[in-house]
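Common to both upcoming complexes is subunit A, partnered first by subunit B, then by subunit C.
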Partner chain A sequence: MRGLLLRRALDAIPVLIGITLFSFALIHLAPGDPVLILLQGHATPANVAALRHQLGLDRSLPAQYWQFLRGAATFSFGESFEYRTAVGAIVAPRILVSLLLICYSLALAILIAVPLAFVAALGRNRPRDHAIRLATTVTFAMPSFWVGLMLALLLSLELGWLAPSGYGTTFSQHVQGLTLPAITLALSLSPLLIRVLRSSLIDTLGAEYVQALRARGLSEGRVLAKHVLRNSLTSAVTLLSLLFAVLLSGAVVIENVFAIPGMGSLLVSSVSARDFPVIQALTLLFGVAVVLGGLLADLVYAAIDPRVRL
Partner chain B sequence: MSAFSSSYDTGRRSRSRSLTLRLSRSASAGERSIAVGLALLALVLLASAVGHFALPSPTALDLTSTLAAPSAHHLFGTDDLGRDVLSRTLAATWLDLGVAFGATYAGVLIGVLLGATAGYAGGWPERLIMRLTDLVIAFPFIVLVIAIIAVIGPGVEGVAIGLVAAGWAFYARFARAEMLSLREREFMQAARTLGLSHRRVILRHALPNIIRPSLTYSVSDMVLNILYIASLSYLGLGVQPPTPEWGAIISGGQQYLLSAWWISTLPGVVVVVVGVGLVLIGDGLADRFRVRRELVR
Partner chain C sequence: MKSMHPRGTGRRAFSAAIAGLLASCLFAACGTNGTPASTTHPGGSTNASGEDPVRGGTLTIARSYDPQSLNPLTCACDNGSLQVMVEVFDTLVSYATPDASATPVPDLASSWTVSPDGRTYTFRLRAAMFSNGQPVTAQDVRYSLARASDPVSSYGGLYPISSIATPDPRTVVLKLKTPAPGLIYALGFPAASIVPEALVKNEGDAAFSQHPVGSGPFVMRSWLHGQELDLAPNPHYWQTGLPYLSAVRMLYVPNDNTRILNIRTGAVDIADEIPFSQVKSLEDEGIRVLVQPSSAIDTVILNNSFAPLGNLAVRRALAYATPVQAIAKSVFGGLAPVMNTVMPKLKYWNPAVRPYPYDLARAKQLLAQSPYPNGFAITLSIDGSDTPSLQTAQIIQASWAQIGVEVKIQEYDYGTVQSRWAAGQYESTLLVPDADTSDLPVDDEYAHGLFDNYAADRNLYSYYQNPAAQKLAVAGLTASNEAARRAAFDKLQEVTMAAAPSIPLVWAPFRAAVAGNVHGFSYVLVGWYPLQKVWLSH
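Entry: the complex of A and B
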């Protein structure tokens, strides 16, 4: 198992290098000189040259890339064009917010998907299976930001059950504020999860060892909970790393709907403000997060599937 | 997100690909699914064609009836500038579907050609192309698109280019995997032995055999692209107002959610109808061609 994980970690290195190269290149690919954006109306040749030197933009590209890498390693990404403070200090508190939202959504998505997948798989081709299939199809086609607005309209503006938006300052306020966004994200993730789990459950239910367990007189509940679910979960976990990327994508949109101060809302506002140091830092962090998520999924996979350990 | 479309019922796959399916008079589940999907899509397209002539212009202001509730005169009500919401929603159909279609199939074309080349050539071209797909897939989809929009600038071009640049990688992986198994088949070796050029072998002999899973997947990919176009426009990074676009219309209605719920609500319903139509077509095709691929993005 250690060998497998080591190999996966080594595989990730070229991808990580690619991610840093892409993030680094963003500011150079953009039309318009970043120095002119920064100086706005006050660009005299002397100012431009001085700032160019200060930002290190007068050095060769490899030297600048090396500087970028060294900065990234210590979480310093220069100064934001928009806020005029260190990018690292702007980004850091937002990582936790996004992470909290994602964990909350993932937990809700599992709570929604596992029971429904079981109901669908056990009643295959019966009306309830068709009903669940129809529901996943419709949910899949719904734009997540629209779902968010509809839930906000219904649950908070009409019924007054949940806070419509905002993040608050204490942990319980965070959880309250994140509930609606997390439900929205979980809903957008669950169709996929239900479909994958359902077909995996059907495959497992037809397996001979399941029949053997039943023949030995194990209760149906025990067979399902202990043997079928556990085997089906391994196939769901192989999807986990990919689902993580999907969740991050979803969070970028949903954070903006509910004004959650996470990485996604910062990314969108930075693009509007052409704040390239922040865009670079976030692009890098999102990419690294997916790679780390993939490695984490490998770990979980190894933990629940003994075959991997052999 | 996902390609969702894979042959839905794993149980039926165990049966051999039945001839009876093609011979039987009654339509299979897949064919029914395709028929319903096409009907939903046709419904919206027909409505937008009729709406183009029968409804007020999507950009016509009417300041005497702003934020008017749905009525016989304005089926979807009007927005804060008195524009007919139904007319704007239907006018957006062409833009959203057109951009989604173009971006999806540009991605299919680039991805399949690169993937097929990688699988056929092997060696460093394969390593280079596959490393590139690894890199593209390493980013959350929308982050990569937004990064590209940051470079190109917000607008419909940025969205289209971003979707192609982030979307091709999946097709390249498909095509390479298919090509790897195809490469050693006898007819491929025969084609090479006959001295045909590599280009001809790839384009004429291999492609028709490897493109089917990609084309099947592309239909549900189009749903995702529609949702991304709408999301990015909602975020203010895509199509800019006053051009009617689904996400932009919904975003414009957000501040009137309590006083005029219809502006944000009803256009979303049309998006769902189009999306469900395409998902059903994709499901039906996957069912017919027995494509079973769980893909996520």
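Entry: the complex of A and C
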């Protein structure tokens, strides 16, 4: 197991370097010049040259990339063009915010998906199964920003249960503020999850050992919870680890809608301002998050299926 | 010409598709509560009632901008930062509100005199303290204004100061390079905020921008980047009894619909930057939307170095072929006045200049006299996520096609639009309607920027040169008496409208949704809202 983790960690290094190179190339190839955006209306040649020098943009691209790599190795990403302060100070407080949002969404997605998948699988081809499959199809087709807005209209404007946006300063305010975005993300995630889990539950339910367990007189609840679910989860975990990247990119949109000060909303604003140091730091962080998500999935496999520990 | 912080992505999807959907299905289902009062107050503030102010309370504002840096000395002067700077810092003068002409009134300076030749300004400072308890001295003023007028600062051009003397701790004497009657107005702009010299020198510009200290009505209590900035009253504020509020929370809510939802649920007291398309529906719901004149211009910016646009007849033809009234009505909900000049509507606005009527026959006739009788092809770069820009561009495309001018709309993100504009890589372009704004309530900045700054930035990247206009601009900028100044600016507006270096559209007003218990809230013409006299009734 340790060997597996080590191997995966080593595999991640070229991936991460690739990500930095790709994001560096992308921001420099994309149109839009941070100096001209910052100086809007005051971009005389003298001002432009001075600011370009001040921001270090007058050096060669390889030199700029090398500086970024060296900085990244020591978690120092330079100064934000836009906020004129250390990138670390801007990005760091946002990591926890996004992490909370993603964990909250995952938890909700599992809470929604597992019971519904069971209901559908146990009632296979009955009306309730069809209803759930229809509902997942409809939910899957709805864009998440639209769902978010509809939820906000319902839960905050009509029912007055939740604040329409914001993150607050205390933990209970955080949880409150993250509820709407987390439900939104969970809803976008659960259709696929329900479908995958449903079909793998159906497979497992038909397996001979399940019949054997039943024949031995185990209670249905015990059979389902301890044996069927556990044996069906592997495919769902695989899917979740793949969907993790989707969840991160969903968070980019949703954080902006609900004014959540996470990494996603920062990415949106820093891309608009061509704030290169912040964009580079964030893309690297997102890359690390996806890699860690994959590692986490490996650990979860091992926990639910001892055969993986080989 | 303050820079506007670009807003989030996805606005087109929201504003266009969702707004319509929401309006038709959900808003209707929610039901309006039977008070469809139209409560727009063009030009007024929100305290028409004349009640006595009540002390205390927390004002919560959902803002579309996030402050970037709060150090006036290194002012990027984005809208998000300006709003905070005017609450935390004082300037020598400020602008009277509510007052459409934004007259300079005493602030840190209790009085001032101007020498007859217009080149010496003497300010008498009042006894005031910074929020850290240190007195504001003439030395602090000298340091702050020397930094502001430094030619390398982005706003140095607004302050043509050659020397600053401090004969005593309460007197400051400014000597100017040339007479500059606009200076007194420029001294009210936050780039000329008075900062404590010792503190800034001690901790440096970067640190000071994170926790600014000034002598304004409020102090910054906390700043969570990208989330919230909180203000508390400055206990040392020189104006005793002010501010009325005991706290201000400025929430950064970039999404238009979420900001609106915040005001509809009562989660905030004020939501700014209400999209034009939603003002009416909010009013129908009984929510007050304050619509006030701004210093912004929305024009089709023309690159006069693009061959066809270098021709006067062509530019005039395009002006005649632009249905501005229709744009004002359908894109801006009739809230934005049609421009009759190519400049912002400020103190020296000339009402006698005639706008171009929509006249396709005249446009065709002009084009026939030009080297392009059969028209030409032109690109129009816009921010594709900005609904007003997109709608305006589509109307223009359809209309110019009728005189043979084939418009190709290039949709970019706003950063690219700005970059291409400033680099001169465009044929014609639209900035978003609230972006192109004068920092001064007088015409000096745009007269200089559009017609007298070719060497520095090709007259604001328009590549338009007009010796007659330049002469008039300089005359207005340096006039020694008010009548001559007004005459020069009057003539300048006339001459430049006839020359159509850009195609004027509308002056986009400010739009803020304001809860009924908020009093004394008003924008100043140049883009922010002072909060020291705002109060909440319970």
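Please note the rule applied: the second predicted complex is superposed on the first by the 269 of 310 C-alpha atoms of A that agree within 3 Å, B and C clash if a C-alpha of one lies under 4 Å from a C-alpha of the other, contacts with A are read in each partner's own complex, and residues count from 1 in each chain.
Note that a residue touches a chain if its C-beta (ideal position, glycine included) is under 8 Å from a C-beta of that chain, and two chains touch if they have at least 3 such contacts.
All figures in this text were calculated on a predicted structure; none of them were measured in a lab.
Considering only the touch criterion stated at the top, classify A:V253 as touching first (subunit B), second (subunit C), both, or neither.
both
Just subunit B (first), just subunit C (second), both, or neither: which does A:Q176 touch?
Neither partner.
Which of the two partners, first being subunit B and second being subunit C, lies in contact with A:S156: first, second, both, or neither?
Second partner only, subunit C.
For A:S76, select first, second, both or neither according to whether it touches subunit B, subunit C, the two together, or no partner.
Touch status of A:S76: no partner.
Regarding the shared-chain residue A:H42, is it in contact with subunit B (first), subunit C (second), both, or neither?
A:H42: touches subunit C, not subunit B.
Could you look at A:Q67 and tell me whether it touches subunit B, subunit C, both or neither (first, second, both, neither)?
A:Q67 sits against neither subunit B nor subunit C.
Let me test your reading of the model: by the given contact rule, A:V196 touches which partner, first (subunit B), second (subunit C), both or neither?
In the superposition, A:V196 contacts subunit B only.
Considering only touches as defined above, state whether A:L29 meets subunit B (first), subunit C (second), both or neither.
It touches subunit B, and subunit C stays clear.
Looking at the overlay, does A:I279 come into contact with subunit B only (first), subunit C only (second), both, or neither?
first
Under the contact definition given at the top, report the residues of subunit A touching subunit B in one complex and subunit C in the other.
Residues common to the subunit A contacts of subunit C and of subunit B are 30-31, 143, 145-146, 149-150, 152-153, 157, 253, 256, 268, 271-272, 274, listed in rising order.
Inside the complex, what are the residues of subunit B that reach subunit A?
It comes out as residues 1-2, 4, 6, 8-11, 131-132, 134-135, 137-143, 146-147, 149-151, 153-154, 223, 227, 230-231, 234-237, 246-247, 250-251, 254, 257-258, 261, 264-265, 268, 271-272, 274-276, 278-280, 283, 294, 296-297.
Can you tell me which positions in subunit A touch subunit C when the two form their complex?
30-33, 36-47, 50, 82-85, 90, 93-94, 143, 145-146, 149-150, 152-153, 156-158, 160, 163-167, 169, 253, 256-259, 261, 265-266, 268-269, 271-274
Which residues of subunit C touch subunit A in the complex?
That would be residues 1-10, 13-14, 18, 22, 26, 30, 66, 68-69, 74, 76, 152, 154-155, 206, 209-210, 224-228, 251-255, 257-258, 261-262, 264-265, 267, 412-416, 418-420, 422-423, 435-436, 449, 456-457, 460-461 of subunit C.
Help me check something: in the complex, which residues belonging to subunit A touch subunit B?
14-15, 18-19, 22-23, 26, 29-31, 124-125, 133, 137-138, 140-146, 149-150, 152-153, 157, 188, 191-192, 195-196, 199, 202-203, 206, 239, 242-243, 245-246, 248-250, 252-253, 256, 267-268, 270-272, 274, 276, 279, 282-283, 286-287, 290-291
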